[in-house]
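Heads up, the next two complexes both have chain A, just with different partners, chain B and then chain C.
Our next item is the complex of A and B:
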């Protein structure tokens, strides 16, 4: 069976293998125990990458596969974070039930946002989603609900069960987050390759044509936004467990923009691309911060412009088009952008 | 079953102050090839868009068999058995040729909401897609990305999409538009083939008179949004009014 694997599958399996042994490799290299010091720090770094990777991938299902531009994706991520936080801290729910609630709320939220805004498309849809996200952002900051949300201070010290405490059981949390990212990737891949996923891609390419073929495109867009919303909410919930808090920033525009950047840098419409993009942004941000201090976002902006200029299809897209010059890539990209709008 | 598969009653569409289609009563016989001709701007494509649900009329009705479909949503037209092609190539550019056609086959099946099965495992649709691609002679390009096809092949892909949809009524909006002259006979053969094997109705807008005259049983001539004349190819060729309004100027030159 192993002999039948193709190059990308080998790359994927090696990546997973590498991430599985990563904590122990770092421990060996530094000579420190695997559950403290530098190894523990780097596990934390990658845990954030895994969480953001799922968030970015959920964005890709919308933007890359269905062609829906959303400026309010933070809505799902943030609501997931607050839902699990409030249920664990104030309602005393157990972790399993809280996660089920996160999924249910994400479904309801996706359907409401979808039904109210999917009748408009393009930039108009983006603006409506932005309005929804801002509404929840203001709700999270509102002092009226301070006893539940902590208002602008955020929801602090969420009681995470001891067995997955990100501070004392870091290594276990690391494998949990890794498993979560892999599982979500497999689910997403299955969906985009299904008949439903193909219709989503058809809508991305040419929505009216898809309608003429007989597809009720609204339903397929609702499916896309719901799947994407659930994944983003789960990532948000895990993020709250990891940080032991949820603050209004998870609902802010910056969170959405982050997903957008990771998706574009990694490669739109490839699932794995946005996950790599999450890694690039997180690690690059860390190193730029170490090297240049607080002005690092300025430098990151320059790096971002360079990536968009020289890799118009992102990391994965460029890899798939290897052999073509970047001028040719740009010509094609330009054609696509002008044809679609 | 009604003799007429598609009828329009006083169908009218305004664009601002311009009346593009003006009280058109059209009757398309079930199983026939019906052509709509007329000079540029006569309202042919608008009439087509109204019949296929792409545009909504200002007034008037569209009847499919005995059913009023004037206000039916676009996606429901295909399920009734009405398929259309477009004058300007209208495909899914980043998908493969096969996937373009497969989506048309899948649209009429019941497997659109299976999130857990790989699309490529639904053999039935893939086979239908290959059959349609073979009919138009594109099967060897099945795995190519649609956007990279030359223009003439894109026109053929458009037809394959229509065939795979297995519609009862085919609305063809200028299928030869932009096609190389030597490809036109191939298209004609293909349309004849479709006619022979099935009981499909074809409603066609076309500028190429050789295609129209050799294919159509009934011709409707439109001029300034109205129906100027209707009849068999022989009747239309002999019609003095038609000659003056239309054929006299462009008939000999074919497509303008």
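Our next item is the complex of A and C:
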């Protein structure tokens, strides 16, 4: 069976293998125990990457596979975080039923938002979803629900079950997050490669054609939004568990921009691209923060604009184009930019 | 008759809703409360209009949804405030900008065609020269202000000596020149003939250099001006800086991406991020409060002014409206919105440029085919829209205060107004802004006094965030009934 694997699959398997033994490798290199000090810090770093990777991948199902540009993706991420936080902290639910509730709420929410927003298309859709996300952001900040949401301070100290506490059981949480990312990737790949996924791509390429072929495009777009909404909500819920809190920032535009950034840097229209993008952004953000201190977001924004201008295919897209030489690609891009049409 | 009703369904429902709402409003509130709610709504509506109109025009003409429009609004507010309270920051930075632009323009007169060196070398050179020119330049101390009895004034921070300042200016002019060359290398481009046009960049350079020695006295002169004059100057400078930024944005970031529309939107979203962070880096994350100019700030005997005419003489901070005082500055905002509405409408309906813009909204390729340089009109309209937004920002500053979050708030409400009014329609933008403004004002009032439904023993009151969030519900309603907006073209 192993003999039949192709090169990308080998790369994927070895990446997963590398990530599985990563905590122990770091522990060996630094000579520190695996559940404290530097290894613990890097596990935390990667946990954040895994969570954001799922979030970015869910975004790409919308943007890269169905061709829907949403600027309200933080809505699902944030609602997932708040749902699990409120259920664990105030309602005293157990973890399993809380996750089920997260999924159910994500489905309802994405159906409502989808049905309303899909009445318009293109940039209108982006605008309308942004407005919805902002509405939830404002509601999360509203002082009226302070006893439930904690208003602008957010939900603090969510009671996470001891067996996956991110502070004491960091290694277990690491494998949990890794498993979560892999599982979500497999699910997403299954969906994208299914007939439903093909229709989504047909909609992306030419919606009218898909319609003429007899597909009810609205249904398929709703499916895409729901799938992506569930994934984002699960990622948000895990994020809340990891940070032990949920604050209004998870619902803000910055969160959506983050997903966009990871998707664009990694490569639109692939599943692995956004996941790689999440890793790049997280590590780059960390280094920029160390190097430039508080002014790093500014630099980050500039890097983002430069990438949109000069590297629109992202890491994976550029890799796929590797047949053409690097110089040729740059020359082409340069011409495209500088020729005054 | 039935056909007619069917055709006018939207209109009839709309009028019916307005009548019902007016009935509810007049029976619920006393006339004087109602009047101040309406006026507050108009104030907000005027501000929203300034943002929405540009947004809608830009989208109508070039299909670009500018997510950074609220950011331009915010930057306008900051620049206007800076001129009003701390001109030192502007006097120490504006010459640099002028110098770069002058250098860039000068490149047009050079025999660039003979240059065989690749362009990117020049870009790198320009960046290096520019970095050398601004090396060690400290912005933050210049932006620091202190609170005094007369409002915020610049603190006693040393500014760079004139000689160093002149060197920096010249260095940036050279950097601009090199960048200009880099831009022109390898392009089909005719060297400009020597003519009076050359005076423009040279004049700009001279201006930049003249500012250097007179910075201190200019600052003193500006601060000694009457606050009303300073306020008018702030409006002017804020709006024109917004227009310049908008034009620059279209030219440098939007124009290369007309073949990839999605990426245009992505870039403008990135600009939101960059703009907010830039403002935080220069002015700090905290907010500022802009003092009202004298026209709108007198208190004491005889105030509030009994009516608008009396206010012209006594300049009270508020005007009596049916027995309740209403801030006179808000009346000014309403007037400003009205003037801008009429001005823009005249520009669109009665001038040649307006004709081209309207034609471009219909079909920009056709306009291009008729021999009109549509791209130049694009830049112009972008600048115009950005200028309107920035003007709104300056006008909002004394009323709402200034903070880095100001832009996003207005962006959201402007988007909602645009969706309600319909994209690309000027009337729709104005009406949408008005509707959102009024509903915000009513929402704030309802939220303040609370809602008492028949079965409740006491009223439920909410925080203003709920009122802000509830405008999204109006948008959802309009989307359900009329996805293209009230005045939008059907898709």
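FYI, the second predicted complex is superposed on the first by the 315 of 341 C-alpha atoms of A that agree within 3 Å, B and C clash if a C-alpha of one lies under 4 Å from a C-alpha of the other, contacts with A are read in each partner's own complex, and residues count from 1 in each chain.
Operating definition for what follows: contacts are C-beta pairs under 8 Å (C-beta built on N, C-alpha and C of every residue); 3 or more make two chains touch, one makes a residue touch a chain.
Nothing here was measured: the structure is a model prediction, and the numbers come from that model.
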| item | value |
| --- | --- |
| First (chain B), second (chain C), both or neither touched by A:193 | first |
| First, second, both or neither for A:22, with chain B first and chain C second | neither |
| Contacts of A:308 with chain B and chain C, given as first, second, both or neither | second |
| Chain B versus chain C as contact partner of A:139, first or second or both or neither | second |
| Partner chain(s) touched by A:214 [first = chain B, second = chain C, both, neither] | first |
| Between chain B and chain C, more extensive residue contact with chain A | C |
| Touching partner for A:319 - first (chain B), second (chain C), both, neither | neither |
| Touched partner set for A:130, first chain B, second chain C, both or neither | second |
| Overlapping contact positions on chain A, where the chain C interface meets the chain B interface | 336 |
| In the complex, chain C residues that touch chain A | 59, 63, 65, 67, 119, 183, 187, 253, 255-263, 265-267, 269-274, 277-278, 281, 408, 412, 415-416, 418-419, 423, 462-463, 465-466, 468-469, 472-473, 475-476, 479-480, 483-484, 491 |
| Footprint of chain C on chain A - complex, ascending | 69, 71, 116-117, 119-121, 123-124, 126-128, 130-132, 134-136, 138-139, 141-144, 253-254, 257, 260, 264, 295, 297-298, 300-302, 304-305, 308-309, 312, 336-338, 340-341 |
| Parts of chain B lying in touch with chain A, wherever the complex brings them together | 52, 54, 73-79, 83-84, 86, 90-95, 99, 102-104, 106-108, 111-120, 122, 147, 161, 165 |
| Complex contacts: residues of chain A adjacent to chain B | 190-191, 193-199, 201-202, 204-206, 208-217, 220, 223, 227, 335-336, 339 |
